[in-house]
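Across the two complexes that follow, subunit A remains constant while its partner is subunit B and subsequently subunit C.
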Partner chain A sequence: MAASVRVHLSRDNPYKLERISPAGTQVVVPGDVITSDTGFMRGHGTYYENDKLYASVAGSVEKINKLICVTPLKTRYNGEVGDVVVGRITSVEQKRWRVETHSRLDSILLLSSVNLPGGELRRRSEEDERMMRHYLQEGDLISAEVQSTFSDGSLSLHTRSLKYGKLGQGTLVQVSPSLIKRSKTHFHNMPCGASIILGNNGYVWVCPSINEEDESAGGFAQNLEKIAPSDREVLARLANCVKILAASRIMLFDTTILVAYEESLKHEVKELLRPDVMHDVAQLTIQRMEAEHS
Partner chain B sequence: MTDYLLSEAEKTFILHGVQSKLRSDGRGNSDYRPISVATNVIAAANGSARVTLGETQILVGVKVNIDQPSKEKPDEGKVELFVECSTNAMQELKNPQEKCFSLASALRKLYANETCFDRRKLCLLPGHKCFVLSVDVWILEYGGNLLDAAALAIKSALFSARIPKIEINQDDEGRIDLDVSDDPYDMIRLPVDNIPLYVTLFRIGNGFLADANQPEAACSVARLSVGICANSRISAICAEGGGSFDPETITDMIHTAEQLGPSLHDELMTQLEKEEKLLLSRGLLSASENDLFD
Partner chain C sequence: MDPTLGMLKRSDGSAEFGMKESSVIVSIYGPGEFTSNQEQPIEVCLYGCSSPAAISRFLLQIIDQVILHNQVPRSTIRISVQTIQEGGSLLSTCINGATLALMDAAIPLRYLAAAVTVALVKEEIVIFPTKAQEEEASAVMTLVFNNIRMELLACECNGLWQPAEFHRCLDTAKTAVSDLFNIYREKMNKKLSLS
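For the complex of A and B:
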């Protein structure tokens, strides 16, 4: 296989994406005055000073009836109850695990919030505490749901369902949480032969197809077998498509990812890392999404 | 190398990827991520360059001063090289200070050979005056493979460096007069044809990769950096990491580096020359083209 090395100039970067923004989108930076009208309620990302409403984050203004809020372009993850997140275990503590979810504070996964092997429902004993590291270690990736938020804003997670649990082989792509569209389900089995988990916290997990009948993701046994090169290619292509969508700030949900995947098929997987190809795929995705909406 | 946590399954996935010669982003084992370069980014420096290699970003500034040559080498100029880490990158590296020191010493090794960079060309008046080249390397962002990116950035910065033409006059009483040319565009350039670049190969399992990103670098226990000139001659070799090498693997790695090195040089020089033409046409650069040795 011929090795490839490509150098390009940063000055040579006129890649601008043509897209139709919804009418009336106002983009603000911290310190911008949104309105001087005092009749509005202030939401997230705003603050009042001298009867004027200012933006405190950089993002787009959203007006919902009388509520004005600013959704930031790039932010740490602010958890809501019921969100699906993909997190990494950073430490094992007494009766709980500390999980990194790209939020302002570490999230917590309590021992009482996980399913015990064998599916038993019983009180956690001391032995369970000692066996914690056998189940989840530092570095492990998990998919979980936000059970509640503590008073300081940190999240309490749970994996009390068969679809959550330790993640096996695959690739993690980290994007901004503001790009993940909230939807009914965050677990998608893509028709191209891979599965994708869109964590609300911006962590996107691409893995080989999860067979519903075989073993549930909540199990302990991890499949460490070699994945076929054809499947690897699909995973790599999907991961690169997610990176392309994120770099062009296109919302991530199953439709956009699928469209980007289809548009990327005419390029080789490793070509999808090049800025001109990235721009091409992003532009085609935007065009198709706008065509389907109009 | 870093504190980057990975699960066992992710490490297995990467290891199998190396064996199948298909990485998680679709690259082969010897493919580099897209490299972007920009020179003359620091107006106050004699030469500067910023290189982006995947997520890694390095900024290099070259400044020239006049000093007395050292007593041991009175007919040679001096080159000082320092590496520093931005706060952003410091968070990603386990031991940033140590990392900077080891990077600096590896880079100094690269230019130690006089065929690569002849310090005698920097001498103005043997025993009295010489040029001192201060090369400052800034790690702006860490995304794996710092050494290769730093070497690319230094070569680009040296290519773009413009030193004012200085005339030395020594009168009968031994007083030295330094005359800087009145014409602000009367500059001399440094010879960069023989300046080597690093090709770092990361050993993972029984195979090896070129240009590892963060997760891949975290799986690698040992790496070999080969300093290669444009004509495939080796100027330096450094080994890092706690793991061991099989003698056959070392030979294979050097062989791969000998093939990748010239491609890196060619691509880089093509783009640098293209950028120079672009800057000249926009009037941002002076037109004089005197070489250091004439």
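For the complex of A and C:
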């Protein structure tokens, strides 16, 4: 049986997207003076020297009231308290798990920050330490919230809510953290029949719809039932739409993903990652989003 | 000479830089977790060139100056330089490639550094000499400047020269370096305003 093979070089990108870019964005490189006014607070990507504010990364300057920061194109995740993240357990240590979240340093999930099965509230004992590996092992994916930051910048996570915990069947798409729009909720139930978790660290989890009534074991049980092929197709299409939006540097939130999904329905799922189809879907998404805004 | 940024998808930052007969690809991984068995937070590895030790030592010292260490505490930054073609001016090509890759990786930098190799061939000043010109020259200098006030960061000079000739080389180098900075700025502008 013959199969068709396509070879794309990442250097060749003949498709340019047309979009209305916000006027007046200042682009800086490291070493550029942003302002000599000392009234501003400095955010990420800047540093103070001799009463002048310099840029430390190459990117666009963002002024939010009195806060100036420079956002580069792609960066490691800078955690803030209250963010929802999706991470992978890399090691099981004494009384804590080490979680990889695409930040500068690994994040920590303390044993005291997880819900014990059965929902008991008690001091963690020796027995619990030995049973840690039964709850979360190396390689497991979890969704968690950032509780606090340590002094060196690493994050302390917690899963003290029934909506966080070990993730079961689904697909992980890794995009740049700067593309995830901050919103009130990062857990979305899409009308197409899938759920999506937009981690602030750029890890996007696509899974079959979560039923609210099924939460019983406190987030450690995995649902490993067989998923129907039609549901699998929905998941694959959704994951490919997220990849298309990320490749065209469109902000990811529930509206853009939904619009991209609807625009992608006329193509087959396996064709969605071809450059011409990606360009088509991205362009239509941008047009619809701009039409809705104007 | 048209540098490319970000063509390696798996690394945090990458750049390709070439000048006349030399060209390198630099890939950067970081900032990342610091393990206790590492000696230095910044590691530089060179592949495919004939004198890696001298170049990597120089490169490490410049990168050490350029990176804002207090914004990346306890983090490692790994820089790998792969020589695609080795002709003359390899040291300055490596430094320029590394700076571009650092900018692409969005690692906090104090300023940008650009390097130019200048050779004195029979009283004439040649910028970015080829290997043949380097061998003919009476003096070969690699000069590194930053983009704040064009301050000289480092220089490596081999050969014999008069003080007046050194000043002429400095001036020629400064013009070449400001062209380089304009090219970097254009590259970032294009990258950031593009989709």
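The working rule: the second predicted complex is superposed on the first by the 260 of 294 C-alpha atoms of A that agree within 3 Å, B and C clash if a C-alpha of one lies under 4 Å from a C-alpha of the other, contacts with A are read in each partner's own complex, and residues count from 1 in each chain.
In the analysis below, a contact is a pair of C-beta atoms (placed from the backbone, for glycine too) under 8 Å apart; a residue touches a chain by one contact, two chains touch by 3 or more.
The structure presented is a predicted model; accordingly, all values stated were derived computationally and were not measured.
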Checklist entry - When the two structures are overlaid on chain A, which partner does A:233 contact: first (subunit B), second (subunit C), both, or neither? => result first
Checklist entry - Between subunit B (first) and subunit C (second), which, if any, makes contact with A:91: first, second, both or neither? => result neither
Next on the checklist: Contacts for A:141 in the overlay, against subunit B (first) and subunit C (second): which applies, first, second, both or neither?
Outcome noted: first
Checklist entry - Looking at the overlay, does A:272 come into contact with subunit B only (first), subunit C only (second), both, or neither? => result first
Checklist entry - Hey, is it subunit B or subunit C that touches more of subunit A? => result B
Checklist entry - Between subunit B (first) and subunit C (second), which does A:27 come into contact with in this model arrangement: first, second, both, or neither? => result second
Item to check | Which of subunit B and subunit C A:185 touches, first, second, both or neither | outcome: neither
Checklist entry - Who does A:168 touch here: subunit B (first), subunit C (second), both, or neither? => result first
Checklist entry - For subunit A, which residues belong to both interfaces, subunit B and subunit C? => result 10-11
Checklist outcome for this item: Interface with subunit B, subunit A side, in the complex: residues 1, 3-13, 88, 90, 137-141, 166-172, 222-224, 226-227, 229, 232-233, 235-237, 239-240, 268-270, 272-275
Item to check | Sites on subunit C touched by subunit A in the complex | outcome: 4, 6-7, 9, 12, 31-34, 68, 71-75, 103-104, 106-112, 146-148, 181, 184-185, 188-189, 191-195
Item to check | Residues of subunit B defined as touching subunit A within the complex | outcome: 5-10, 12-13, 16-17, 19-38, 50, 52, 210, 256, 259-260, 263-264, 267-268, 270-271, 274-275, 278
Checklist entry - Once bound in the complex, which stretches of subunit A touch subunit C? => result 10-11, 16-17, 19, 21, 25, 27, 29-32, 45, 47, 49, 54, 56-60, 72-76, 104-106, 152-153, 248-249, 282
